[in-house]
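For reference, the structure I am asking about is given below.
Note that the chains are named A, B, C, D and E in the order they appear, and that numbering of residues resets to 1 at the start of each chain.
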Amino acid sequence: MATTILKTNNLSIKFGGVTAVDQVNIEARENELIGLIGPNGAGKTTLFNLLTGVYQPTDGEVSIYDGTHLKNVNHVPPHRRAQLGIARTFQNIRLFESRTVLENVLIAMTTQSKARTAQALFRTPGFYKETAKKRARALSLLQIFDMIAVADELASNLPYGQQRRLEIVRALATQPKILFLDEPAAGMNPQETQVLTDLIKQIQKTFKITIILIEHDMNLVMAVSERLYVLEYGKVLATGTPSDIQQNKAVIKAYLGEEG
Amino acid sequence: MVEAVLRVENLSVNYGAIKAVQNVSFSVNPGEIVTLIGANGAGKSTILRTISGLEKPVTGNMSFEKQSINHMSSEKRVSSGIVHVPEGRRVFPGMTVQENLQLGAFTVANKNQHKVAYNNVYEQFPILKTRRHQDAATLSGGEQQMLAIGRALMANPKIILLDEPSMGLAPLYIKKIFAIIQQIRDTGVTVLVIEQNANQALKIADRGYVIESGQIIATGTGAELLSSDEVRASYLGG
Amino acid sequence: MKKIIAIVVAFVVVIGAVIGFGVSKKSADKTSDVITIGGVFDTSGNASAYGQAEQKGANFAVKRINKAGGIKINGKSYQVKIVNKDSKSDNTEAASVTTSLISNTKVNAIVGPVTTAATQAAVPAATKGQTPMMSPTAGADDITVQKNGKVQPYVFRAQFKNSYLGTKMAQFATDNVKAKDVVIFQDNSSDYGTGITNAFKKAYKGHVVETDSYQAGDKDFQAMLTKIKNQKFDAIVINGYYNEAGAILKQARDMGINVPVIGPDGLGDPKLAEIAGNKNTSDVYYAAHFSTKAPATDAAEPFVTAYKKSYKQEPSQFTALAYDAVYMIKQAIENEKSADKAKITAGLAKIKNFDGVTGKMTMDAFHNPKKSIVMVGVTNGKDTTATVVK
Amino acid sequence: MSSIIQQLINGLILGSVYALLALGYTMVYGIIKLINFAHGDVYMLGAYFGYFFIKVMHFNFFIALVLSMFVSALLGMLIEFIAYRPLRQSPRIAVLISALGVSFLLENGMSYLYGSDKRAFPQAIKTIQYHFGGIQISNIQLIIISTAVTLMIVLTIIVKRTKMGRAMRAVSADQEAAVLMGINVNRTISFTFAIGSALAAAGGVLIGLYYNNIDPLMGMTPGIKAFVAAVLGGIGIIPGAALGGWLIGILETLTQAVGLSDYKDAVVYGILIVILLFKPTGILGKNKREKV
Amino acid sequence: MDKAHIKYTLSWATLVLMIFVFIYVTTIFDVIGQYGMTTIVLIGINLIAAVGLNLVIGMSGQFSLGHAGFMAIGAYATALVSSAIPSIYGFIISLIVGIMVSGVIALAVGLPTLRLSGDYLAIATLGVAEIIRIIIINMKSTRGAAGIFGIPNFVNWQVVFGLSVVAIVFVVNFVRSTTGQAIIAVRDNEIAAESLGINTTKYKVIAFVLGAMLAAIAGGLRASFIQSVSPQDYTFMQSITILIIVVLGGIGSISGTVVTAIVLGILDVILQNFGSLRMVIYALVLIIVMIFRPKGLLGTSEFSLKKILFDSGGDHGNNNSKNQ
């Protein structure tokens, strides 16, 4: 069995009096593709925020595999977690809007950069060399995602679907081990969603990373996920393969209300 | 043939460079429940926001009771009877339930009408009556949604625009909310509702429109759409 | 490539034009029949109350000189023109407008700036431009002195040195007010307040019970006064300007602190009594340059009368000092029989027994006017006594 | 002991004026998120209006106070209409610069028209000193505190109980939702400026009476202090502004009382920074994290 | 370095040289005179300070109202050090001392306060600048309110011109560096930047410290040029003056800052003659510019030589013109 790369232990968070995430235990293994579903307000995004370090849990812990063993990262801030190999996209798109598509990707490479600021200040040959190298890498990423044509567009000028896609490219540019996708298909039409479905599968294959995905589009989730967690009221309601979940009475009820 | 109470023709709305709504036309007849369904970001909310004046259309015409409302201010639209319950409820958190309701009746000058409206709302939502001195922030999601709807009813609406009323609610509340929507219609108020919970919405709707990427791709009665395989596949999962 | 050529050509043309203009301008320089005085005053910003008063004084002097036929050099009358520039209570701006007056307006002499700090900033510009500069009110001791101890060749003032003021006030406190213990309030935001305080403390033979600071613009002095209220002291010394001193006076008297108040010439403004209220402005002594009660010279009385007629208000010390500054320049020109900048500079250094509104003045070796200090006593808002402090 | 109480009273009086000013700051901030740098200058103009009504029109002090508040309210609305409303959709910092422009305009316009010199404010009410044990307090000080407290109560009633007050709170909490209630946002903002300006004017007139002098630049320092007070209390929160105002007044007074008058402002700013570090949104502020 | 880059760098160098020659010619033929030179120096000094503030406000999105404090540190460093060592070396040392002290204080202040957001940060930085000023007023060695004068002058227009060019090149190149891009990322979307492994506090502090250092240079140059310093020079109003240059030019636009510094410098020259009406006109200009150009004179766009001269395009990322 593949190594467990991410694990939570009774993870909980309270906002005011409301327990948004309640005693959640999930785990993800290397190169696994996990779907996280549940009705609106079930706590999915909050769980993402706990895993990526945006929120501090009220209780429980988050552990990440650091190459040798699972390590508690409760007190590791988001940027350090990113350096440990966690990348994400956001439900409400968060691009660097004043930057071009290419620059968005280049910024994601900040922590891997070897270029010294001093080199940039004096525009040494080293600066140009390093910049060219980074740019080549970024462009090749954009190539994979078919975004070369818009590389010099401002991120804010892209259509919605493309913006979502750029967020994924940007996240991948950090060379993550785990990629969190928060509703990547939101706002996409069925054709776009179909393309995205293939893309997610391809990412998993090409980059050999673990992907955890929140999504409402059942076609997509069912098509790509190897395993699903269903959240309701901040609790894990069910877990299993897509076909298990589709048969699960409780899930159908939670999702479609009563009948289904 | 009845004259539509709300008519939208060739409406297009942009957010910067993004074309959020393209050439959308539809109408709502008096006393109907009409639903717009579609994926997140399909442009449903934008349509409602444009009808209530929060967004400016690029092209197209909107008319309410045969009068164009394109250039009417938002306040005027409210006082003429178009009331919008926004996505995410947007109750005023630091104010009490009663104050929220009072704000709902902001455009109603007649104090006697206020009293009638209070009674109606409290009758329909007894829980709001018991909590009337509580801050809105302390209400649960479902209660907040009721408050948002109650607040809209205070304005004496002719048509009520509901944006995702079931969002984030427990099934029990969802059921309640849809029952309330029907009740509202039964009192003679026309309803235009956006839902992701397409299943429920179509069940109570007289008619529905399916929106995708800012365009209407299908229309029909609630039952027709509900039985359409295509719609089922897209919005109700495999 | 075409673009680049076009730009190069344009550049060459522009440079050529500049050279041409420069050459033609050189030949166009000529002398004029008007003597120009530059005025550097803070007419906007924090110090504008003082700057506006001084600008009025200088303008009034120029008006009177011209009315009386201008300045006569070798029998020929020259009209005087004053060009005022606002230094907006900003020291850098003071330096900049001084340069502007010297190099663009080509003034013969400068009156101003108002404050010590602005004068300090303007000194290099005046020195570089070899233009005499007469500050009406800069008080710091060393503004007329270079680092090496030599005199600043182009800088003069009509004002007392701070140390001189402080020393004389201390003497007055002991000899006339008979104060054994005093409380000092100083305006900490300018050198005027702190400079006088230092000199006062050095010269004062009694005991300074407490020294407290305030900032220009402060209005509330309750805390300061409450603190000293129950201590024993015979007089309060306020080293600052009338604006705050008036407020202190009012609040002190309201609080029942009725000891004598001693202050420098910064208190010498009719506004003092207006702000404090006439009743509260009693038993107040301030160092005056001029007073109708004890006119230092014959020039004072007519000046006050004429000024009142023109401006419908009483002149303040600031107005009078700026007025004298302009007249000293006139004196220097007449003595040297030339409006040449170097001659004016030399003339100012040699001023002797000049009958100014603010006293009979003689420039010392360091360009400070030697004049006697008159401590004016105020009762009910009116100048009532005048004591010359020797 | 009595001198400590006396100092606290001094601080309370000084703080009352800061509080009146801070209330306007905070209300404007709450509703359009603007640091209204011109607020201190409305306070100055309020004082000048008071001067005009008493000295030239010979009105009774309290009538002059009310009239000055009224005229300043109109002025506040005018300023908002001309200099801020066209910038409703612009970056916040643009409005801030516009506010600075208005501030410069009022200060220097007044200085240009009436000179920078201080004017004695007419003593419409004769000062009477009362003594309680070692404590001394004047009728004017009492007027200041009671007027400030009364105005705060009136303000609270307006904000809590009236239709316009509810509209203000609604706009400040959620502008878009307010629009959906049929609230005219522009009119509500205008009204907020009117109230804020009236409070500032009241502060100006009271200060004029108390310190007996007014000048075109009198708003600069209190303006910044009031801003500090509003931030200290939690900007946008009405009780916070009152609390912040009094706190700063008392702090300033106490700093002087312990002999640190050279460092008076430094101490106030230092304490402000320390409080912000522990409570980044002010004493009564609620910490909000951006929704992710 | 490939050919395109050499061409690009050379064309900029040529432009700078052309401006230099232009000013040089105007001075030797005495077209602008002493006063013109003073104006150029003061514009250059404001420019350096404003470029520094733009780094803080424009690039990193942090609202600082405390620039005057750091200018004061630079000014006093130069005043004290170069008075003690009255030689060009003393002056250079004094600038370095000012930069270092300013940087260290900015670091000490920035680390805790940059956690504050928006207007809370603004008031905290305003407070810091006031505290710096009050300490200077009360210190013996700085001669209190009187200030220091008789500072030796080592600044002429050539020095300021040179340093302005260096400051601009520094900031422009810095923005293009990885660090600079990270700073902009933090401004655009702090949470997204964090999620990409960017330590947001670190980059905010870097921008703040660099801004403070540039302010110190500006202060040092001014002290040496004016040959005197006094605490009144560095009040809140000084911060506002610099802030206005940045905002009027367009936040985040270095070209805008350059243009506005020059325009306002010239406006100042004209307004000096208006006496007390001066600031009234200035105020009206501020309001009118903001109403009609709320994003500043140049918005967020940058002046691009490449566009004007070569207009080839195709080279990614060198022009960030955002037209809305």
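Note that in this section a contact is a pair of C-beta atoms (placed from the backbone, for glycine too) under 8 Å apart; a residue touches a chain by one contact, two chains touch by 3 or more.
Worth saying up front: this structure is predicted, and the values here are computed from it rather than measured.
Steps from chain A to chain B, taking the shortest chain of touch contacts, total 1. Shared contacts of chain A and chain D, meaning chains that touch the two of them, come down to B, E.
Relative to chain D, the most remote chain by averaged C-alpha coordinates is A.
On a Cα centroid basis, the chain most remote from chain B in this structure is C. The mean-CA centres of chain D and chain E are about 33 angstrom from one another, to the nearest whole unit.
Separation between the centroids of chain B and chain D, computed from CA atoms only, is 42 Å.
For the pair chain C and chain E, the distance between mean C-alpha positions equals 34 Å.
One finds 52 Å separating the Cα centroids of chain B and chain E. Among the residues of chain A, those touching two or more other chains are numbered 54, 90. Multi-chain contact residues of chain B (touching two or more other chains): 16. Those residues of chain D in touch with two or more other chains are numbered 108, 111, 116, 262, 265, 292.
The part of chain A that touches chain B in the complex is made up of residues 39-41, 156-157, 159-160, 183, 185-190, 216-219, 222, 233, 246, 253-258, 260. By the touch criterion stated above, chain D contacts chain B in their complex at residues 163, 166-167, 169-170, 173-174, 176-184. Across the complex, chain C meets chain D through its residues 43-44, 46, 48-49, 51-53, 188, 212-215, 217-220, 222-224, 226-227, 229-230, 243, 246-247, 250-251, 254-256, 271, 274-277. For chain D in complex with chain E, the residues that touch the partner chain are 29, 35, 82-83, 86-87, 90-91, 93-98, 100-105, 107-109, 111-112, 116, 224, 227-228, 231, 235, 262-263, 265-266, 269-270, 272-273, 276-277, 280-282, 290, 292.
Across the interface of their complex, chain A is touched by residues 16-19, 39-42, 141, 167-171, 174-175, 196-197, 199-200, 212-213, 233-234, 236-238 of chain B.
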